Amino acid sequence: MSNDVTENPGATEVTDVAVAPPLSQRARSFAFAAIPYAVAVLAAFVVVGIIITALGHDPTEAFRAVLTNSFRNQTGFVQTLHKWAPLTLLSLAFAIPLGAGRFNIGGEGQMILGTVGAAAVGITMSELPMVILLPLVILVGILAGAVWAAISAWLMESFKINEILSTVLLNFVSFEVLDYVASVVWSDPGAGGAVTLPVGEGAVLPGIGRPPMHTGVLIVVLVSVVAAVMAKRSVAGFELRAVGLNERASRLHGIRTGRVAVTSMVVAGALAGLAGAIEVAGVHQRTLEGVQSNFLLLGIIIGLIARGSLTAVPFVAFGIAVLEVGAGSMQRVSGAPVEIVLILEGLILLFLLMSDVATERFRRARASRAAKGALA
Amino acid sequence: GCGGSDDPEASTGDGDGGGDKQVIAAIFSGPTNDADYNAIGLRALKAAESAGAEISFSEKVAVTDVEARLTEAVGDGATVVWTHGSQFYDATAKVAKNNPDVNFIAEYDGLPKDQPANVWTIDRQFHLGFYGMGVFATKLSKTGTIGYVGGLSLPFSMAEVHAMEQAIEDSGAKATIKPVWTGDFNDAAKAQQFTTQLLGQGADVIVGSLNVGSTGTFQAFEGRPAGDGWVTAKYTDKSAAAGEHYAGSLVYDFDKPLAEVLGKIGGGEEKGNYLLGFDTGVTIEMSDSVPADAKAAVDKAMEDVKSGAVKVELNTAKIG
Amino acid sequence: MSGIRKTFGPVVALDGVDFTVAEREIHGLLGGNGAGKTTLMNVLYGLYAPDSGTVSVDDREVEIRSPRDAIAHGIGMVHQNFLQVDVFTVAENIVLGTDSSTLTAADGSSQTPAQRITELSERFGLTVDPSARVADLPVGVRQRVEILKALYRGARILVLDEPTTNLTPQEVDDLFSSMRAIVDDGMSVVLITHKIRETMEVCDRMTIMRDGRWITTVDKADTTADDLAATMIGEVAGGDAEAAALAEAAQVALGEEELGEATLTHALPGAQKAPSGGAAAGTVTHTPARVTVRGLTVAGSGGKPLVDDVSLSLRPGEILGIAGVAGNGQGELAEALTGTRTATGSLVVDGEELVGRPTATWLRRGVVYVPEDRQRDGILPGAGITENLVLGSHRTRSRAGMINWRAARSEAVEAIKEFNVKTPSAATPCGQLSGGNIQRVILARAFAHEPTLLLLHNPTRGLDIRSTQFVYDRVRRAAADGCVVIVISEDLDEVLALADRVTVAYSGRLVGEFARGEANPYDLGRLMTGVGA
Amino acid sequence: MTEFLTLTITAMVPFLFVAQGTMLSGRAGIFNVAQEGLMLLGAAVGYLVSLKMGGNVVGLIVAALAGAVVGFILSWATTSLRLDQFVVGLALFFLAGGTASLLYRIVIGDDEPPRIKPLPDLVLGQDAMVFVAIGLSVFLWWWLYRTDAGMRLRSVGENPKAADSLGINVARTRMWAGTVGAALMAVGGAYLPMVFSGVYADGIVAGRGWLAIALAFFGGWRPQFILAGAAFFAAMDVLAQRAQVSGIGIPHQFVSMLPYLATLLVMVFALRWALVPQFLGKNYDRESRIVG
């Protein structure tokens, strides 16, 4: 058979270390990919619209809120970015170990420890000047998250304890830790919730613009660029994926599989911890019960929708952030019950995946037709 | 059961609600159909609506999202923003600073430091109410062991327990309080398990300081003969759900407080602290099955606190 | 089967193939790697849905949508890589999917699964321990389990996809006698193999495929091994030259060390024995050793070590052949010699001690390992060919921790051309390739490393004649460049064809040693079975 | 002591239903992660039906059916469409959770919800579902390891290609295993209002679904160990509460960590039973040569 080896028209794998198709192609396939997603979102809106109308509310108002809230004004956009930052970090914290075939479900625990560490420094050393305190706060947050993840990694390597089990359980432990810190150690007496005292002035990330966007967003931009490049080009990125694809073969070819897996978990923890530190230093100026929000689940979803491609993560994360910010204001604007938001998000996810299948089948059909054509 | 929508474009976001129609946006922490803290919030809001204000609200708002909700509400032209629940105070104060020409009503347990000029606080003073509950429980208890079931071990929760202890002291009885915290105001299952254990440990009066979780405390009494132990609740009258061991509830009402604060704001008084107490909408509602002497004692306690004959100390010192 | 066509995306795996198996015959299915043998049989077994074409059983056209249908029509298949549930026992694997309660023996009396299994294994000489966990079994036995699975379901047409590749010579003989017993029972067998000797030994008819097309079907009576070899290799376009080039591999395929030459010369005019390895000519005999192994030992779970005090001294350009029956510690030895398994003792390459160093270091010193189990140890199935070619050298080739994928990609394209890997693109996931093509990728990677010590374990297993010859040539070229080569193979012919020096692995030790030429199959055979030792 | 046992057993029941449901789907290769949502749905439906149509039994049945529907969607989307099991699971978690509180809002509105009758005690002060849950665990053990069908199910989770090549319908097996598993999860949720709270509330599940997943791993995806594991976990939980009620000096936050830490500690010594189905969470594509 003829070895007509092309530089891969339309690589099947959408992963970082897979050979990337030429730019023009990527651009075209990008546009091509956009359509079904739009359709999927639309379909979800239609279904939910019917429900909302049936409940006697105005769907158009609701959807206007969901779609435009992020872009209507400065405020909406800043909010979106503030959501985007932790979402991106937590989905990286899921996607990186996933590359090595490990499931880190502990993102929220690691993030919580990050906030605790950051708050601890920010509160106890509140007198320090910003140049020292702020970096310290961020650093300690990162470390705290990394250590928390390292526990799971250690249990995984040394005792073969499944990481899903350990991370889930450690999440629950971290809730108690947070509860203790926020309602006992540095509890704010006036607060009606488990909330710590505010951190010192020097521990607050400076803001940009009006309304201020905290500079944590820039840190996250930097991090996601580095992550994407590392995954695409670096040895570490390659070894990570190799371990995920075939652990034995990797070890036989000189990859320290155990070390790679452990490192991926610890790095994930560090990123989640950074997310925590940024929430403290950028958004809340303190840590508090529920600071982890639903970032873990959304992070997992983002990571999986991006099919583990660290390059895609920030973009998917932005889409989800827009949805989240918009959905949040939906009720106040339209009066539709708040549960609708969950239903809408669930449907959008389902339909997005289904549209993926649809396009895939369509592409395959086209390919085989092309092949037949070539034969004739 | 949801708020009527207001058309943001129509209402201009022009500042102090002085004179013209107030556009109120409220933030609730849980579902407004919880027949509990959020329900009374919505009731107050609806009352304001029938008094002529224009309303909208968001429910089930997490503390992490409240700032976003607030800024949006302001952006959509609300002239008065009310956050129902003191966990929202910090975010409210923060947004208030950034929007000086909008009025804010927040809740806070105590007097906040550097309260912005456009913020009213409602101080819930739970310790006052729980002094009454302390008297109530002491009267009801035969075994002299009183169980207190809280959610998160927050300062206000500590204050409640200390107030009850003060009540026991003042009454000279030798009852003891076993306080427990389920870790979640809305986890009824945990509440049921804790209550069962408290009852097992000899407590015969359970004072609940929960939200939706309170149903768990009632459930724990299932299968016990009437009169064998009492359970009390907080925020709303729960007689319908509680069953025959229900002794009563420390009921809070925000209709009057909200109306009065809105009135003051309308009158141009943009900053202040509204104190909740037995004189302003707080009462202990008792079921008919409660013995008369207990009723009397509680009524007296409420009077004393109101009149100031009894000074209830606000003590948030840690317990267990 | 007639007019079967099957495509995978751009790949045309089968292009209108006709294939007929008669009753009571063993039908050989031959063809190069990627010819479409496995695919054709997967279609027959209902695992792949053909794009077009029809299947008839007993002259009745049938539709086979899934293996369930295939089984219903009395078709059984033993797959190229076993399909077994590792955690299940032999018995469980065999009865899986059947109704164990309602079994009836030949005489109509009811029967327990255990009884049926023992009955079958006795009748066809397929001895197994029904209560053993398949994960713990040697490949030979797992092979029998696969066949029993088919027989247990009353298969009348049994497909064996390269069953002999993982078997020791004895096991092959056992298998063949079992196959005989099976056809004598009135069934038919399709045997996929690359070894002409085997086909000539057991098959009644053979069909040859090439590039997804049917080439010819011949009776054993009207053909000779050499004709087959010729047809498999294809139209000898290059005439004598190419024929000569392939002669040796053809011989190994024919398994006729002595006759080979004579017979082949008239089959493929101009063929003569290819020159043997660089070091053989005795010229370099006195050059100092490049690789020295002293007392290399791998501890076993029990008292007995898996690799027992192995010592070797190898000169540059030398090719050492290690013959032996599978299961004598070859795998462990190979891993110990390549630093992929913890071992004690000493292994010095170019004066540097490597034992105890991480695998990466071994690789950096040019120690290259071509493992026996490709799917499991050789490739990243989900990754493209480019990534698979980079694997192992990814650290050495990186600059500042970054890999230049553009360069890697063009190298890959080159390698694919050079090693004749049949693939639609350099990004095609390696796991999609046919068994033989996967091996070519692995070899391409191995030779790209410019190895100092090259260890190949059953390197040509499952390769067609062309590829086999290709491997031999590359091995010799590497040796000529001064690389030390160790070939561990259960195929005696292969060892004899390649090695300058031959030794035998027996229960973890290396016994006996013969220089090229002195080695005769019979002495080796005795050592391999532990008689001579 | 008997009180301790009673509390433990009752606390164990919901975990048992959900973890066994997770196990059943998982052994067929479907990794359901919608537990939290399924429990909410089960709780809401169970409560509303018991309230309006009277009778817990009806409530439990309808809850199971509701769960089955969700489970079927999950199984269908992951077998027929081969969608990512995790994402679909999480999407259904959102959908089910949202639907639960929406149903509750529609039926109950803003009124104060009345408590439904608790499950009546059968014997030994235990309600019927306790025995159902334990019986179910025993049955599942027997069925999985002692019947042909059970073996088929396990083979599908261990090596679907092998199962397929023996004529086992991988898709169908996964379909019903995923469906029944989800139904069990919903039942576990329905148990909450019927025993612990008497009413439905959005906060009623409070993370128990995630813990059930942990328990499935804790029990090595084997019914008998899951039974033991759930009992152990519940006991630790009740013990922690007892410690707080008795007022030992330690802050309750630390006491509450006991069940989680104890579970991890046990796992450290549990290497042998800590197995996971080979194809857990992996979709099967007959014509692909790449596993997983």
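Per-chain numbering from 1; labels A, B, C and D assigned in written order.
Simple rule for what comes next: a contact is a pair of C-beta atoms (placed from the backbone, for glycine too) under 8 Å apart; a residue touches a chain by one contact, two chains touch by 3 or more.
Protein names from UniProt, one per chain: A = Sugar ABC transporter permease; C = ABC transporter domain-containing protein; D = Ribose ABC transporter permease.
Predicted model only: the values in this text are computed from it and were never measured.
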**Prompt:** Whole-Å distance, subunit A centre to subunit B centre, using C-alpha means?
**Reply:** 36
**subunit A and subunit D: spacing of chain centres that average the CA atoms, whole Å** = 27
**Request:** Starting from the mean Cα coordinates of subunit B and subunit C, work out the distance between those two points in Å.
**Result:** 77
**Fill in**
Residue numbers in subunit B touching two or more further chains are 31, 60, 153, 183
**Prompt:** Got the subunit A residues that touch at least 2 other chains?
**Reply:** 176, 179, 184, 337
**Fill in**
Note: subunit C residues in touch with at least two other chains are 381-382, 429
**Prompt:** Which word fits the touch map of the chains here: line, ring, star, complete or other?
**Reply:** other
**Item:** Chains that touch, pairwise
**Value:** A-B, A-C, A-D, B-D, C-D
**Request:** Report the residues of subunit A in contact with subunit B in the complex, numbered from low to high.
**Result:** 57-58, 61, 69, 72-73, 75-76, 79, 82, 175-176, 179, 183-184, 187-195, 198, 211, 279, 283-284, 286, 288-291, 293, 325, 328-329, 331-338
**Asked** For the complex, which residues does subunit B have touching subunit A?
**Response** 2-5, 8, 25, 31, 56-65, 67-69, 71-73, 75-76, 85-90, 98, 107-110, 112, 124, 152-156, 183, 316, 318
**Asked** Which residues of subunit D touch subunit A in their complex?
**Response** 77, 81-84, 86-88, 90-95, 97-99, 101-102, 105-106, 207, 210-211, 213-214, 217-218, 251, 253-254, 256-257, 260-261, 263-264, 267-268, 271, 274, 276
**Fill in**
As the complex stands, subunit A meets subunit C at residues 1, 3-9, 11-13, 17-20, 232-236, 238-239, 241-242, 245-246, 248-256, 364, 367-368, 370-372, 375
**Residue ranges of subunit D in contact with subunit C within the complex** = 148, 151-152, 154-155, 158-159, 161-169, 278, 286-292
